[in-house]
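Each in structure tokens, the structures are laid out below.
Shared between the two complexes below is subunit A, which has subunit B as its partner in the first and subunit C in the second.
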Partner chain A sequence: MARSQTRKPFKWAPVFDHTILILGALFMLVPVVLAFVTSSHSAVQIAREGIMFVPGSHLGENYSKAMFEKGGFTATIDGMVMLKNSLILGLGFALGKIIISMLAAYALVYFRLRFATFAFWIIFTTLLLPLEVRILPSYEAIQRLDLANTYTGLIVPLIASATGTFFFRQFFRSVPEELAEAARIDGAGPVKFFIDILVPLSQTMIAAIFIIMFVFGWNQYLWPTLITTDEGLFTLVRGIKQIYQTMIDANSIPEYGQALALAIIAMLPPVLIVIFFQSWFVKGLTESDK
Partner chain B sequence: MAQVTLNGVGKTYPNGFEAVKPSSFDIADGEFVVLVGPSGCGKSTLLRMVAGLEDITAGSLNIGDREVNDVDPADRDVAMVFQNYALYPHMTVRKNIGYGLKNRGTSAAEIEAKVQDAAKMLDLSALLDRKPSQLSGGQRQRVAMGRAVVRDPALFLFDEPLSNLDAKLRNQMRIEIKALQRRLGVTSIYVTHDQVEAMTMADRIIVLNGGEIEQIGTPAEIYHNPASKFVASFMGAPPMNLIDAQLENGEIRMNGSTVLTAPSDQAYAGPVTMGIRPEDVVIDEAGSTPFTIEIVEELGAHRLLHGRLAGHAFTVHVGKESLANAGEVRLQIKPDAIRLFQPETGKAI
Partner chain C sequence: MKRAGFTSVWLPVALLLPQLSIIAIFFYWPAGWAVQSSFYLQDPFGFGSTFVGFENYTDLTANSEYMRIAWFTVVFTVLVTFFSLSIALLLAVKADKVIRGAKSYRTLLMWVYAVAPPVAGFMGIMLFHQHTGPMTDFFKALGWDYKILVDYNSTATAFIIVSVWKQIPVNFIFFLSGLQSIPRAVREAAMIDNRSGVRRFWDITFPLLAPTGFFLLIINITYALFDTFGIIDTLVKGEPGNNPMTLVYKVYMDGFRGNDLGGSSAQSVILMVLVLVLTVFQFRLIERRIHYS
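And now, the complex of A and B:
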């Protein structure tokens, strides 16, 4: 009986799939691992030998210096302050975009505006004009408003979001009209309907957009560089650059180890956000209330 | 509780389409009125105007003594049950039912008490902490009812509330809704395209067609004395048999030969459409009208005999004791079983 079984033919497809997946994973992970390993060596050694493949002995020192030693020209800013600034930027950016675009989409979908569709397309075409295109006028405006070197000036010009408005608009349009009508009869005005019904229904959308926008905001480089000259407002992403910049300017060996340590730390919050919200996001999708 | 008065109420949509022609009727306090008609005839539009969800573009609407044309839906003291129930998906049954009260500033304790009462009435007590996604269709329907009942409104509005249920549940809910309305005595307007629902539930039926009222009457009036060919064919299953014929000297001629005696006192002469309910004829050896049975539809309690009468499609409804085989039989058609309509206008003569 045992012999009668024919051998299953060997399947190449899974091998092929997995090879691609493993290569992809390595492609993404190896640089991170190398950065981490290298960040455990002293600046001198890195300057001499380049990227390191075995862990060194300066791990704790590099990280604690990167985070807690005041640096920069003015020696007023350490990694913790930069981490805080980055968090403020990331959160302000993501939340600001969500709030603004939800309100815009709400107006477009639920109110009988005469030019709603036209307004929507105007908003939509601004996708063609990212911040980089309007960076000079934006800078000028913020400067005149005396908002340079403030969190407000850093965040507000970035929060208008055609993408967010588009996604929320599409989502709101998929919400049955009767829900709004039932709420109207139940005595919920526009504000109550928005807060009591629409926002809870949008949870998954909000989570998804929050992930994308937080990471996007966290990684902002050009605008913060332009608008914040005060070192107390530097973000991590800028701080990494700043570490060698000051050293090179001072004609000493750049603190490669510390810069890499900072780079590793700068990667953590977005990763954590994605991990945290993803489980939430998937839960929202599978427990669909429809 | 309140009476409702429509005075020339009509609706022209912004695109120029007149969905409801100016209509006038009164609904008495506590009455259960069913708006019935084919899909697209303007039933929902009319109901939504009463609810305040759609602007009234002609005429005036009174609920109680108050003209409510420009009153917000929340302030009209109406509750509405939607076809898809429109339950708030993220709220528990308890919150769904209590939401309207909460928005009106009712105290938490009072909301809880009222929600409990409504839940008990609708057999939902065990389900109060579930979300709509965890309920069956029938249970969702009950929650939608609960949301309407709990506010103790002057007027219930139903827009095809049973269309999403299976046939068995629909029959059951039909009775429950009717019983509940009787018990609470709340004036109700119920929209449906299902003539069975209309017949069984209504105190009075309003038949709509193409945005116009065809007839208003009790189920019996509508059934026995349809005001038009449309009503005759729409109400009743199987529908009334309609046959084009010629009326002269108190005789109705079909295809020249077959002759029936017309209902008495007919001054009219000329072409007519004759209507005969399938159950108003009897198979009788001595009958004067030949009928060819082609298909027998066995329905348990009764049978439907489909065939030809003077060349026209014709259906006869007989009891289960009545024998039925394909072939020739003779029918006895009494004059008072015959309704006559004008062929062009469709109006009853």
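And now, the complex of A and C:
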């Protein structure tokens, strides 16, 4: 054919598509890159010039001070303590939520329960009602139970919503019914079926939900701010508030470099997890909400 | 429920017990307490309280500051939802279309999901800084006398930009997965029927993405209402003063700074009702998606 021999006209559409995507990617990336670049400068320089566009020479100093120098009002916490607390909150929340919600979802899906519908509604009313809506009463409850400034008080109230149970309920319902039937015929009881068949079958789902919940727990801010007044329990995300608070209170030059270093450290673990376990994470996020 | 269900009586109860007791202690008890104390006026020194009926609620509707904050919350929610959904949709459509670099774009556009709102707000402090912030320079170059924390609209703009930035990844992930689940046959048929990419998008892709869009609409509304707390608190450095704030921030201010227990509880109850309405709506959507998928 004659037409195929003529040179193809240059297509502008892909250029346009890539331009939009590159602009989008830059929009997401640039603020964090600038924060990182700025975190390599001295406090004096940042106070005078603000955001910096070329790297400075205080990178190591800022990060080691942020991690190892004792700070806060009582001068007892450093970045390492906050990192430990963030890990406890992220891991405790994710594990607690997965265990509790898997058990509840198992009961709801695999047992003939007289009050199943009632339990279902009791649990799922909590689905979208975030802790932010009921902070004051939850805070009062924690005070009355004497759980303020404890890891239990920090973690457990956050678990009190049904998102995880909902995820697992949906997943269990998609597991073929014949499996449970076959297990019963083979003489396996409900406990054996759960541990030997259902949990291994849910591995991918558990991993996906673990990532989502870890990030959620790690990034908590309002609840830790209210419930932990003891600096020894501060998380990294909570600690950032403390830094700018001391910035305002003290009339000296704010430690911007250290604060930015801490902000970078606070975002590193969840960001890396999301990037490295991307396919699990995306799967968990999009499939669980169906 | 499964037909091949197990028939134990005590085991399911034991399995449900942890979840139910946590919900009872940390959800129903506080929620009930909030409803109760919203009908009382607390003595500021903690010496008891008097029943005042709906007074806390009527006080709120008569309070011009509260109504102004409610109005700001509505505008803020609409703008954040609109911009984060439409930007994410545009990016998802393009990311779905390109062949080269598709995976890298996906990663680059979703990783911000993992950044905590207050961390985003903290970067906002630097970027929108009154004297040294590049965004301030940018707005000034456009002829806007931009002054964060001094001028109401300047602060609101910073809230919205940071909140949209933080929310684009979630929407992008859902839209992209929605696009990728459109069957090949449908795409190819559309390609044959219609050569215009724009027409194809509005006639075929957009309607097929509608369920995802509705679902995300609710997610985004709840995000703008509640999850932006960390962004706002950081940007105003904990001292909102005359700056705009959302309803959740007001609950926090009145309850923890102002010690107005009754008023704060009434506000909590209003928010709870609002969220419950959204939940019911959401639930119907989810159930429908299950039936058809």
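Everything below uses one rule, namely that the second predicted complex is superposed on the first by the 260 of 290 C-alpha atoms of A that agree within 3 Å, B and C clash if a C-alpha of one lies under 4 Å from a C-alpha of the other, contacts with A are read in each partner's own complex, and residues count from 1 in each chain.
Just so it is clear, contacts are C-beta pairs under 8 Å (C-beta built on N, C-alpha and C of every residue); 3 or more make two chains touch, one makes a residue touch a chain.
If you're wondering where the values come from, they're calculated on a predicted model, not measured in any experiment.
Engineer: Answer with clash or fit: subunit B and subunit C placed together on subunit A by superposition.
Structural biologist: fit
Engineer: So in the superposed three-chain picture, is A:R184 touching just subunit B, just subunit C, both, or none of them (first/second/both/neither)?
Structural biologist: both
Engineer: Give one of first, second, both or neither to describe whether A:L201 is in contact with subunit B, with subunit C, with both, or with none.
Structural biologist: Only subunit B; A:L201 stays clear of subunit C.
Engineer: Of subunit B and subunit C, which one touches more of subunit A's residues?
Structural biologist: Partner touching more subunit A residues in the overlay: C.
Engineer: Between the centres of subunit B and subunit C, viewed from subunit A's Cα centre, what angle do you get? Round it to the nearest 10 degrees, please.
Structural biologist: Between subunit B and subunit C, as viewed from subunit A: 90 degrees.
Engineer: In the superposed arrangement, does A:T152 touch subunit B (first), subunit C (second), both or neither?
Structural biologist: Neither: A:T152 stays clear of subunit B and subunit C.
Engineer: Looking at A:S64 after the superposition, I want to know if it touches subunit B, subunit C, both of them or none. Which is it: first, second, both, neither?
Structural biologist: Neither: A:S64 stays clear of subunit B and subunit C.
Engineer: Touching A:S279, do we find subunit B (first), subunit C (second), both, or neither?
Structural biologist: After superposing on A, A:S279 lies clear of both subunit B and subunit C.
Engineer: Under the stated touch criterion, which partner chain does A:T229 make contact with: subunit B (first), subunit C (second), both, or neither?
Structural biologist: neither
Engineer: Between subunit B and subunit C, report the minimum C-alpha distance in the superposition, expressed in whole angstrom.
Structural biologist: 7
Engineer: Taking the two structures together, which residues of subunit A meet both subunit B and subunit C?
Structural biologist: 178, 181, 184, 289-290
Engineer: Looking at the complex, which residues from subunit A come into contact with subunit B?
Structural biologist: 176, 178-179, 181-188, 192, 196-197, 200-201, 203, 287-290
Engineer: Can you name the residues of subunit A that touch subunit C in the complex?
Structural biologist: Of all residues in subunit A, those touching subunit C are 13-14, 17-18, 20-21, 24-25, 27-29, 31-32, 34-35, 38, 48-51, 99-101, 103-104, 106-113, 116, 119, 122-130, 132-141, 145, 156-157, 159-162, 165, 170, 173, 177-178, 180-181, 184, 189-191, 193, 215, 218-219, 221-222, 226, 237, 240-241, 244-245, 247-248, 256, 259-260, 263, 266-267, 270-271, 273-275, 278, 282, 285-286, 289-290.
Engineer: Quick check on the complex: what are the subunit B residues that touch subunit A?
Structural biologist: Checking each residue of subunit B against subunit A gives 51-53, 72-74, 78-80, 82-84, 86-90, 99-100, 103-104, 131-133, 147.
Engineer: Inside the complex, what are the residues of subunit C that reach subunit A?
Structural biologist: 1-8, 11-13, 15-16, 18-20, 22-23, 25-27, 29-31, 33-34, 37, 87, 90-91, 94-95, 97-98, 100-101, 105-120, 122-123, 125-127, 129, 131-134, 165, 168-170, 173-174, 177, 197, 215, 218, 222, 226-227, 229-230, 233-234, 237-239, 248, 251-252, 255-256, 261, 264-265, 268, 271-272, 275-276, 278-279, 282-283, 286, 289-290, 293
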